[in-house]
Amino acid sequence: MIPSSVYRTSRWLAAPLLGAALATPALAQEDPIKVGILHSLSGTMAISETVLKDTVEMLIEQQNAEGGLLGRELEAVVVDPASDWPLFAEKARELLAQEEVDVIFGNWTSVSRKSVLPVVEELNGLLFYPVQYEGEESSENVFYTGAAPNQQAIPAVDYLMNNVGVERWVLAGTDYVYPRTTNKILEAYLKSFGVADEDIMVNYTPFGHSDWQNIVSEVKAFGSEGKKTAVVSTINGDANVPFYRELGNQGIDAADIPVVAFSVGEQELTGIDTAPLVGHLAAWNYFMSVDTDANYDFIDAWIDYTGDEMAVTNDPMEAHYIGFNMWIEAVRKAGTTEVDAVKDAIIGVSVPNLTGGYAAMMPNHHITKPVLIGEIQDNGQFSIVWETPSTVAGDAWSDYLPGSRDLISDWRKPMACGNYNVVTGSCGGGETQEETTAEE
Amino acid sequence: MTISPCLRRMLVLFLLAWLPLAASAQDDDGQQLLQSLDAASFTQMGEAIEAIITSGDERSRGWLEALLDGKLQRHKETGRFVVVLENRGRDWPVADALTGEAIGEMSRRDLDRLGINNALRGQLQSALAVLDLHVPETRDRREAARALLGDVDASLVEPLEAVIRVEEDAEVRRLLEQGLAIHRLEQGSLEAVASLQGSLNNRVRAALNSAARSDDPALAEAASVALADIEQQMKLNRGLETLYFGLSLGSVLVLAAIGLAITFGVMGVINMAHGELIMLGAYTTWAMQQLLPGQPGLAMVLSIPAGFLVAALAGIAIERGVIQFLKGRPLETLLATFGVSLILQQLVRTVISPLNRTVVTPEWMSGSIMINEGLSLTLNRLYVLGFALVVFAGLMLVMRRTRLGLEVRAVTQNRAMARSMGIRATRVDIMTFALGSGVAGLAGVALSQLTNVGPNLGQNYIIDSFMVVVFGGVGNLWGTLVAGLSLGVINQVLEPWAGAVLAKILVLVFIILFIQKRPRGLFPQKGRAAEG
Amino acid sequence: MSFLQSLTDRERVFDFLIPASSPVDVRHGPILYLEDVTVSFDGFKAINDLNLTIDDGELRCIIGPNGAGKTTMMDIITGKTRPDRGSVWFGSRHNLLAMNEPDIASLGIGRKFQKPTVFEALTVFENLELAMAADKRILPTLTARMTGETRDRIEEVLVTIGLTELRQRPAGILSHGQKQWLEIGMLLMQRPRLLLVDEPVAGMTEQEMERTAELLTGLAGKGKQSVVVVEHDMGFVRSIARTVTVLHQGSVLAEGSMDQVSNDPKVVEVYLGADPDEEAA
Amino acid sequence: MHSSTSWLARPFRERATQLFLGILLASLATVTLLNLALPAGHPLHVSTYTVTLLGKYLSYALLAVAVDLVWGYLGILSLGHGAFFALGGYAMGMYLMRQIGDRGTYGDPVLPDFMVFLDWDSLPWYWLGFDMAWFAFLMVLLAPGLLALVFGFLAFRSRVTGVYLSIITQALTFALMLAFFRNEMGFGGNNGLTDFKELLGFDLRSDATRLGLFLATGIALALGYVLCRAIVASKLGRVSVATRDAEARTRFLGYRVERFQLFIFVVSAMLAGVAGALYVPQVGIINPSEFSPIFSIEIVLWVALGGRATLYGAVIGAILVNYAKTVFTGVMPDAWLFALGGLFVLVTVLLPKGIAGLLAYRVNPQRSARKPDDPSTSPREVSA
């Protein structure tokens, strides 16, 4: 987010100079193009993030095998932010200021993205963020290749309402910003369809919550009211295993109360005994079980890269796959890795995704994605039971939140604004009030 | 999910005269049937399923089951239908769906799965359920009958009544009658309410609930009266349930803490790597299951001694490698063992995987036992609860009745004196630490049935463990037991109205204030660790 | 003193009118006065209806087998343990049972522990400095500075306890006997009216013992300190004692001169035929 | 007047302190010089990235000094000092949030972004006043101070000691962590507070501001160090050591031990708060993970590593460990935990007195042989 018009102009001036600086003999042509990878390899998030690091490394390997980019090698620069949010900011700064990488692929949790954001904007870097998130953000320097709420949550609810006939809703989530926002949006959405308050139960739990007995039995009670009930789960990573175990053991099967999860993919299922979960749902933009050649090629490459026959792929990996190819495209288009050029070039770029379609980069730095609903199978895979007819464009600002209803994002010049308020007709923090705040 | 009339018709016929149907279907018929299954929409698929059942083809059951777990697939080129025998990895062993003989491996790339959704799954399940009403095993018949609750409609009434007449098992009869009653209730019959009186079954309550909302005032009235009565009984159930939840959570805390109560409470060693020892126990369970594929139960049993051993050995290594050099400086043990815990975590990450591992729940541990229709206790937690008590009792025996226990206590009270009495204090230290660590391993084995088996497993329990030990009074095993269980119950009692997060906070605040009142914990004790 | 007396006593000033720091009032003789004190630890009566009076300036020796309650008695006087019953008066004004350790200490009751406890990380000099009678509230302590006379006072005590040349060494390195002395020295710094000395000569050599004996006898005297010594070593006791009190099972068994008590058959019985349980307790 | 302030001047007369201050100030000056004077390309040039990094280390160092004060000299092993650090940080963070004004995504002049999209309609009462710098900075001291006062009062009054005290301090910070995770609390939940714009009108993104913050932290560390040193060198310092080693004895000498403990505990908490306040604008985010018990344990590790009860040891430990962390996470991302863990084990086993002990030995073997402050012999250790 840009603090003030003055600051912005100064940065626009700075940009070309920066470009010139990069073009100096200091960096000759044969120097490799540096790709920063900012994923936790230790700490709580290592579980989810290590595979993403490997994915990017694999993609780089492949790209180099095909002769690199602009006749230059790609080189991965890996650091470990260790699931420590301030460390994310520090490492981002290291990558951009010290290593002078041309692009960063990284982050999983919202908080890590939020902590990196100011750094990336200050040092004018490029960040590709591969995980589904709460939206309500559009940065000039960040490209959101994961799903926004309207690319995951809302279609999932539509499916449950129309195809399963759910009338009663449990919105269960881990207590952090993604579930909070998503559930706010869903509540507003459901009520717009006339769902009554008493038919919605919202529940939040701390990270890594391991004792689900009470909550599951509450859900059970909530579901015995004679109306079809479903659980919309935004429960984060680690807490899912005990949650599903408890579901299974308290005998809630998908036929009675289906659970649709937004954070449970193939990767998470490798840690769960899936037998009792068969039939529970997940909404993603990609499943390993997708039956396309592109996907099979990707899977084969991945299995060969990891050397593990049982290795699985998941949605964020596809997001990186898409993001990486988009960046390659944009760099080719711009003929340089220089950030501002790439930023402009990438908008409108479209590359094939793994589900047999194309993903295009929108002016709001989100991409178009198909939405798939899958049912868990006993082999830890998902069988796809529903799919949006066409791809959905990511929405940075939800129409269901009072604060963001009037905001749009478009990074094309001349607007070049991440939070343009169509009502006040000004970009983000209306400059009009600037003085007043300056005084107080 | 309701079963379509077509399916009904065939069931009626099937049930009224249940002599196995003539199996005279040619393969092409089978091919036909399967062909029709491979349909565009799920509705068409539903019809195809009915077709299969009505066909009375003796292979139909196999097909339906394969379909149910997504193992009925079509070869893309040949269009040949196969049943996948094992669907992990890239190449799957398959059998021909028609002839049933195994035909080697096929790449999943060339196969097309006949996918179903929850609605179809429901249809299949109840269809199979109806078929199951005729299997010899009573248990299965009960399952089938229970599965039919709420799925009965007009066309099933007659056949089911027929079944009831000849069914010799009372429980099956009761369940089927209940099913019929639910159906009648949906039809709006008042006396159905009477026959559903007092049943705590979820589906019954669901039916009554919707009846209570019906426009027929009399029915609504009766239903809500019945419900109110049921709610009364449920109240007691909920109370017991909460108690059970509390004890179960408590037992987990006790298991996690009891090892610490020994290493920390008795030896005064602040072992930050305790959590990782628990983790090792859990991974041992996983490893066991890898070694004995297909027999999770046996693996489970074997991993109890194995887990103890592995953790104990690790404990000995820690004691010899680090702690013995820190005699008399327990605080330094906190620092060193913290380092050890970091190393162990990363070791697991690099050697095994940063991802969680699947630990399968043996069937005798999954599900729950039904106390009554409305109250059932989850088995895995029941086992853990029992296990915790056994472990505790075992430890008490060791400490009270064995030579080791005696020596341990002697060394704790007065090291120098014990030495002079010819007790080899160093040996005792090793043994004690090994014991404590081994118990941590046991905790890991148990926890593998409840939560993630991953590198962070230990981290999630170390803090709580220390809380429990201190709350109970350092160096007092009874204290640990009481503390663990009571904290568990308090937490679970608070949770429903305070929410999970607030409940935990309140428990912590409670501990802080309690320590103000009793600066030595629940059961204060004299001895090295208690001084100062 | 009984309640009736206390009413008729015209000199009596009610406790709440007395600032805690007021000088001890010994116009009526006794400086320490224990009456019907009883304390029991989970059933076992450590002190049982103990009555004891120490006069101002007196040097009193208290002997008795293990478990007789000597140390417990000291704990009660210094406010570490609260008795179940009875009253403990310092002079005729201060009800010790109503005060905590620091108050009692600043009132002028010094104590030397059975196991010598000095601050091992601090130097001998610093040990004495901390013990010195001074304003012991936080800010004064923070801003306190070493003045000439305090230094002299400390030096003087260093001489008395013979640790002058070790003054800058940490107390941790002192020998057992030296620690004993340092602790006595700390008592002297406190300038207490009443010293409670628990086994001062344990682990001392003959010469050290003699010097300690001189020290203690020198201390006691009218208007100076009163000293209560608990000791096992009969030789030492004989060498200093004027009056000896024999404690047994938490109450006074005998009292009198050394010769009197040592000829008292009850005492002899206790010492010779002391039953082992007592020893253990 | 003189008599009441001279205790503050005392440290300046100590050779060790003079040395420490000399080194600290000198390095501050050099860094500044190398950062400003030399061109970006120059091999000796210190980038702003490095400056900020050093700034972070220094704030950690101050935190470590605060911990060493209570642990090293009072024998209270606080496993909850992260809480005071975080509270100071949050106080600063709230001020910085208010400074964003209407430049947030939603352009709401009053409400921070996270409140807008979780549709809070008005600012909760405890956020009031944080738009004023003086109030916020006051809170940086008061918030941790008051918590320490109440908590310490309860704990010390009822003579909770040793491991019991350690564990309830841990419980304290753990409870606070869970509380701040809750979005209802109105502190931004897990995301915490971030995307700060300016501090006292200085743009937080400008190199000048970063350098300024670094220097400010350096000065704060110097002052904090002198303060602690002064306390330790005073009679009060000796009383606290006495308390550490023989609490009962100290009582019998007429000192109201619990008050001394409380006093030092509160001072230490406030120092920690200041450290937190300086930390936040430099790393650009404050979130509940600073409350996590593990972090608090790490702090203790820095102190132990550097050498307990020496103050300068704490500084060395904090800087060393965190520097190691920075390097390892970059150089050997997959294996750095081995290195760090190994470091902890080796140092505790091989150097019981930490690095400072080693130094002291180098400087003056005979003295270090009898280092008065050496706590590893003190009886309290058994329990602590």
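Letters A, B, C and D mark the chains in the order given here, with residues in each chain numbered from 1 onward.
Just so we're on the same page, a contact is a pair of C-beta atoms (placed from the backbone, for glycine too) under 8 Å apart; a residue touches a chain by one contact, two chains touch by 3 or more.
The model shown is predicted, which means the values in this text are computed figures rather than measured ones.
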Geometric centre: closest chain by C-alpha means: D
Most remote chain, CA-based centroid, reference being chain A: C
B-D or C-D - the one linked by more C-beta pairs in contact: B-D
Centre distance in Å when chain B and chain D are each reduced to the mean of their C-alpha atoms: 44
Chain A and chain C, separation of their C-alpha mean positions in angstrom: 75
Chain A-chain D separation of Cα centroids, rounded to whole Å: 35
Touching two or more other chains - residues of chain B: 345-346, 459, 501, 504
Shared-contact residues (touching 2 or more other chains) in chain C: none
For chain D, residues contacting two or more additional chains: 178, 181-182, 334, 337
Interchain contacts, given as pairs of chains that touch: A-B, A-D, B-D, C-D
Chain A-facing residues of chain B, complex: 1, 69-70, 87-90, 109, 112-113, 115-119, 121-122, 125, 202-203, 205-210, 213, 241-242, 245, 248-249, 252, 345-346, 349, 354-361, 366-368, 376, 378-381, 449-456, 459-460, 491-492, 495-496, 499-501, 504
For the chain C and chain D complex, residues of the former touching the latter: 78, 80, 100-102, 105-106, 110-111, 113, 117-123, 126, 129-131, 133, 136-138, 141-145, 169-170, 172-173, 186, 190
Of all residues in chain B, those that touch chain D in their complex: 268, 270, 272, 322, 325-326, 328-332, 334-336, 338-343, 345-347, 350, 459, 463, 466-467, 470, 474, 501-502, 504-505, 508-509, 511-513, 515-517, 519-521, 528-532
Contact set on chain A toward chain B in their complex: 41-44, 46-47, 50-51, 163-164, 175, 203-206, 208-211, 213-215, 217-218, 220, 223-227, 238, 241-242, 245-246, 248-251, 254-256, 258, 267-268, 270-273, 275-276, 278-279, 289, 291, 296, 299-300, 303, 309-310, 375, 377-381, 383-386
Chain D-touching residues of chain A, taken from the complex the two chains share: 1, 3-4, 7, 26, 41-42, 78-82, 84-87, 89-91, 93-94, 97-98, 109-111, 114-115, 117-119, 122, 136-137, 175-177, 180-181, 184, 204, 206-207, 401-404, 407, 418-419, 421, 424, 426, 428-430, 433-434, 436-438, 440
